[in-house]
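After the C-alpha cells below, expect a handful of questions from me.
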C-alpha cells in the first residue's frame, strides 16, 4: 500500500516534469517552424535588415530588436538600484515599521496589473514627459522605460529580499560580534554574500522588461526607427508582434512576427546561459 | 573606506523608499480621482437589472460584468491546468537526485520562465493554426486555448517557488520524517509540504496574480471586446485586462474614459483582494496543520 | 584526509587492544547469528562485518558488534570516527543520504526474534517505526506540541484518535513532560525550552512503542541541568527499551554506559562492560587523544 | 454613453413594433465578429438588440483592424470579418470571401484643438508625413514641433489615408504608431503638436479637423460627395452567409440597422 503510493507519487511527479519539458520543446519548435518560411522564401535575410517600410517591401526588424534591448536595459538600470535600495531599507537601513510597510507595498505591487500601469501612465506620465523633455510626443523610450522599471521592481526586490533575509539572519550575530552596526553588517557582509542573488534578480528583471508587451505598446510610440534619444518614439519586438499579427497572413510583415518571436526566445536563451555561467564562475571563486 | 559605500547605499535606500511609494501613489491617485465617480451598478451591468445580468438572463453589453466573470473563469481554469504539473514538477526537481535529466529540466524551466507573454500568445496562435490544419479543423480561439497558454506562462513560477520552498527546508526535516518511520511519500505529504506551504502558496499566489493580469497572451488567443458571459471553454470570452487595454484606446466619450479608469480600479481591487484572500488562506492552512490554537 | 597509512595505524591499534585492558570482547561471533544463549544478557541488536560507504569514502569498516537488552550502550569517539553513522545503521537512516552503500549483516530484536533489518524490510520506513531515534538538536516540527506527538502515530502507524490520545499521555509521562505541558498541548512546540523540546522528541519516539532507542548526542545542545534530567530518564527507560547512544561527553558516557564502545576511523577500537569495570576518566581521555594523533 | 443608451432606448421603444428582429425569434447560433475598429459601435449595438430579444444567439465582437478581419474570416476563425477597405483581388481569390458594404465613413486629418491652424492642403499633409515640414510655424501656427501619429499596418483607415491623401507617399519612420482610432484620438487630444487621422465618425470636441483642400470633413459632405476622402465599411463572409450570420447581415441593412449606423456617425449604404 505504502509502496504503491510512493510509486504513484514518483510517476506523477515524473510525468509533470515531462509535461513541462515537452511544453518548452513545443514552444521553440512551433515558433521556429513558423519562422522558417520567412528565411526559405523570397525574402531571405532581408528580414534581418535595418529598415521597416512594408510599403516599399522592406521588412527589417533589427530596429525593433535594438529598441527592445534599449528599453529593457534602461528599465533595468533604473529599477535594479531602486529594488536594491528598497531591500536594504527593509533589511536594516530604515526603522522596522517602515520596512514592514515597504515590504507590504512590494507584495501589493506584484498584484498590480501591468495594464493598469499603462492606462494610468498614458494620462499622467505621457503629458509630463512631453513637456518635461521638451521634444517628441511623450510616447517615448524614456516613458516606457520609466514605467517598466516600476513594473519589474517588485519582482526583483522580492527575489533580492528572499536571499537577503536568510543571509542577514545567518550573519546578524557575526556582524554584531565584530562591532558592526546593522547598516554595516548589511553593506559589508550581507550584500557581498548575496551577489549571486542580486545578479539573478537582475536577469529576472531584464527578462520581464524585454518581454513586456503592453507598456511599450501603449507608451513607447511604436515608430519603427532606430533608437537614438530618450524622447524617440520606438517600437519593441513585443509591440511589433502585437501590432503586426493583425496583418494579412500572406505578407512578409506577417512572417516577421514569428521571426520577432524567435529573436525574443534567443535573447531569453542568451540571458539564461550568461546567468548560468556567471553564477558558476561565482561558485568556483 | 567603508564610509562611501554606506553613504551610497543609504542614498539609494532613501531615494527608493521615497520615489517608489510616491510614483505608485501618483498612479493610483489618478485612477481613483478619475475613476471613482464611475464606480456604480451602471459600470458593471450597463443599465441591465443586476440580478438578471448576473445570471446571464439578459446579456450585458455596456458593463464590465461579463469581463469580471470571464477573468474569474479564466483564472480558475488556468490554475486548474497549471497547479498539478507546476507543483509536481517542482517536487520532482526538489526531491530527485542529481542527474542529466534533472539539470536539463531545470534549464527548461528557466527558459520557460523567460518566455515573454506575447510569445506565449503567439505560440497559442500557431498551435491553433496547426490544430486547424490537422486534427481539429473547427477549432477556434477560446477560453480553453487562452487558459492553456496562460498555464504555460505561470508554470515556471509554480515550479521554481515549489522547488525553492522545498529545498530551503532544513535537511534535518527529511531525517526527522524518516526517523519517525514515515515513508518517502508520507514524509513529503505530512511534513515537507506543510512546512513549505507558505512558500508554495506564495508561488500559487504569484502565479494567479500573473494569470489574472496578463493581457498579451489572451489578446492573441481568445479575448474579445464583447462576448457576454463565458458560455463554455470553447467560446470566446471577455476579460478585465483586455477590456482595459481596449477601452484605453477605443473610448468614444468622457464617460467611457471614466469607466475605463473605474475598470482599472476594479481589476486592481480584484488583484489585491486575491492577494489578501490568499494570505488569509495561507495562515488558516498553516494553523490547521500546526494544530495551534490561540487561547486568547 | 584518510590515507592507507592511517588505516594501518588503526589496524595496529585494534590488534593492540587485547593487552590494553581485560575488557570483554565486543565483537559478535559471526558464525552464530541466531542468538547466543551463553551470553549473560540477551542480545537486542547485532552487527556483523558491517561496511558503509558514502560514495568512494568508507565510513564504517568491518564493524561487528552487539548491544544488549536492559542496557545502555554508549558510543564514543572523536568527530568523524563514524559513531553517528554506526548509530544510523540500526534504523537504516544512512540510506537517506546520497551515495550510501551498506554491506554486511545487521539484526535487531523484534517481537522476540533477531530480525535482519535489510532483508526483512523492503521499505526502511516500516523498520523506523520500530526503532526510535532522537537527534542532537531537538528536531521538533514547527507545529503544536500535540501535533508533534500525533503526526507519526496517525500517519506512520495509522492509529485511531482514542488510541493516540492514550499513547500521547503515556509517552509524555514517561518522558517526564506531562505535568509541564498538559495544559498547553496546543501551543507551538518551539515555545518549549531546549530541554523540554528534547524530551518531547524522546516522548515522540516512545509513543511509537519502539523495540529500541537510538540517541545521537541527545544532550549536546543542552545545559547541565537539562542534560541530567535526560540522563536520569534514560536510566529509567533502559529497562523497557534497549538504548544505543552516541555521547560527546566522557563523564556522561561513564555515568550511563553499561557497555562502552570507543570508535576511531570507522572501526571499533575498544569495548568495555560495566560488570567487568569501565576505565577511568584519564585513561579514556588518553585513549581518545591517541586516536586523535592517528587522525 | 448615457446619451447613447437613451438614444438606444428611445429607438427600441419607437421601433418596438418593427419586424426586423422577428427574424431571430426561436433561432440559435453563434456569430463571431472581428476586424475593423470603426465597425465596432455598429456591430455592438446590433448585437445588443438581437441578443436582448433572443439570448440564445451568441455574438462576440473583437477589434484588431481590417487585416485581422480578412485573416480571421479567411481562416474561418470568425464568421464575419470587418474591413474598412475593399478587399484586394488576392484576398478574395485566396479565401473566397464575399463582401457587404454597409456604410460610408470619411477619413479626416485631426490636430489638437489648441492648434491655431485651421486649413491644410493634401500637399502639406504629404510633406508633413514625409518629414519635410517639421514645425507648425511653417504652416502659420505657433512655433511647435509637429509630432506625427499614424496607424498600424492592419488599419483600413491607414490604407485610405495613404492612398487618397498621401498618394502612397512615405511616412517618416519617426511617426508614432497607434493601434486604433480611439488611441489616435487620445494621443492627438493630449499632444498640442500632434497631427493624426481618424474616421470622421470619431471626431468630437477633443480633436479638431482642419479643412482639407478647402473641403470641410463632415458626414454630410461625405454623403453628398463634397468631401472625397472617404471609404466604405464592409462586412465579409467566407462564401455566401447562411443561418444567423445571414440574419445578422440582413438586419444591418434594415431601416433599424440604418438607424444604428447613423447613430454611430456613419452614412448607411443600401445593399
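Order of writing sets the labels: A, B, C and D. Residues in every chain begin at 1.
We take it that a contact is a pair of C-beta atoms (placed from the backbone, for glycine too) under 8 Å apart; a residue touches a chain by one contact, two chains touch by 3 or more.
Quick caveat, the model's predicted, so the values are computed rather than measured.
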By number of C-beta contact pairs, the top two chains: A-B
Chain closest to the assembly centre - both centres taken as Cα means: B
CA centroid of chain A to CA centroid of chain C, Å: 53
Whole-Å separation of chain centres (CA-atom averages), chain B against chain D: 35
Between chain C and chain B, distance of the C-alpha-averaged centres to the nearest whole Å: 49
Gap in Å, rounded to a whole number, between the CA centres of chain B and chain A: 17
Residues of chain C whose C-beta touches two or more other chains: 123, 125-126
Multi-partner residues of chain D (at least 2 other chains): 75, 178-179, 186
In chain A, residues with contacts to at least two other chains: 2, 122-123, 242, 245
In the complex with chain A, residue positions of chain D that touch it: 64-65, 67-68, 70-71, 74-75, 90-91, 94, 145, 147, 149, 152-154, 162, 168, 170-171, 173-179, 186-187, 190-191, 193-194
Footprint of chain C on chain B - complex, ascending: 97-98, 172-176, 178-184, 186, 189-191, 194-195, 289-293, 295
Chain A residues within the chain B interface of the complex: 2, 5-6, 9, 12-17, 19-21, 23-27, 30-31, 33-34, 81-86, 88-89, 93-94, 98, 102, 105, 107-124, 150, 153, 162, 166, 183-184, 186-188, 191, 204, 207, 210-214, 218, 238, 241-242, 245, 257-258, 261, 264-265, 268-269, 271-272, 276
Complex interface listing, chain C residues touching chain B: 91, 93, 96, 98, 123-130, 132-133, 135, 137, 139, 141-144, 146-147, 150-152, 155-157, 186-188, 204, 208
Touch list for chain D against partner chain B, complex: 1-3, 5, 30, 32, 34, 37, 40-41, 44, 47-48, 51-52, 55, 58-63, 75-78, 178-183, 186, 202, 204
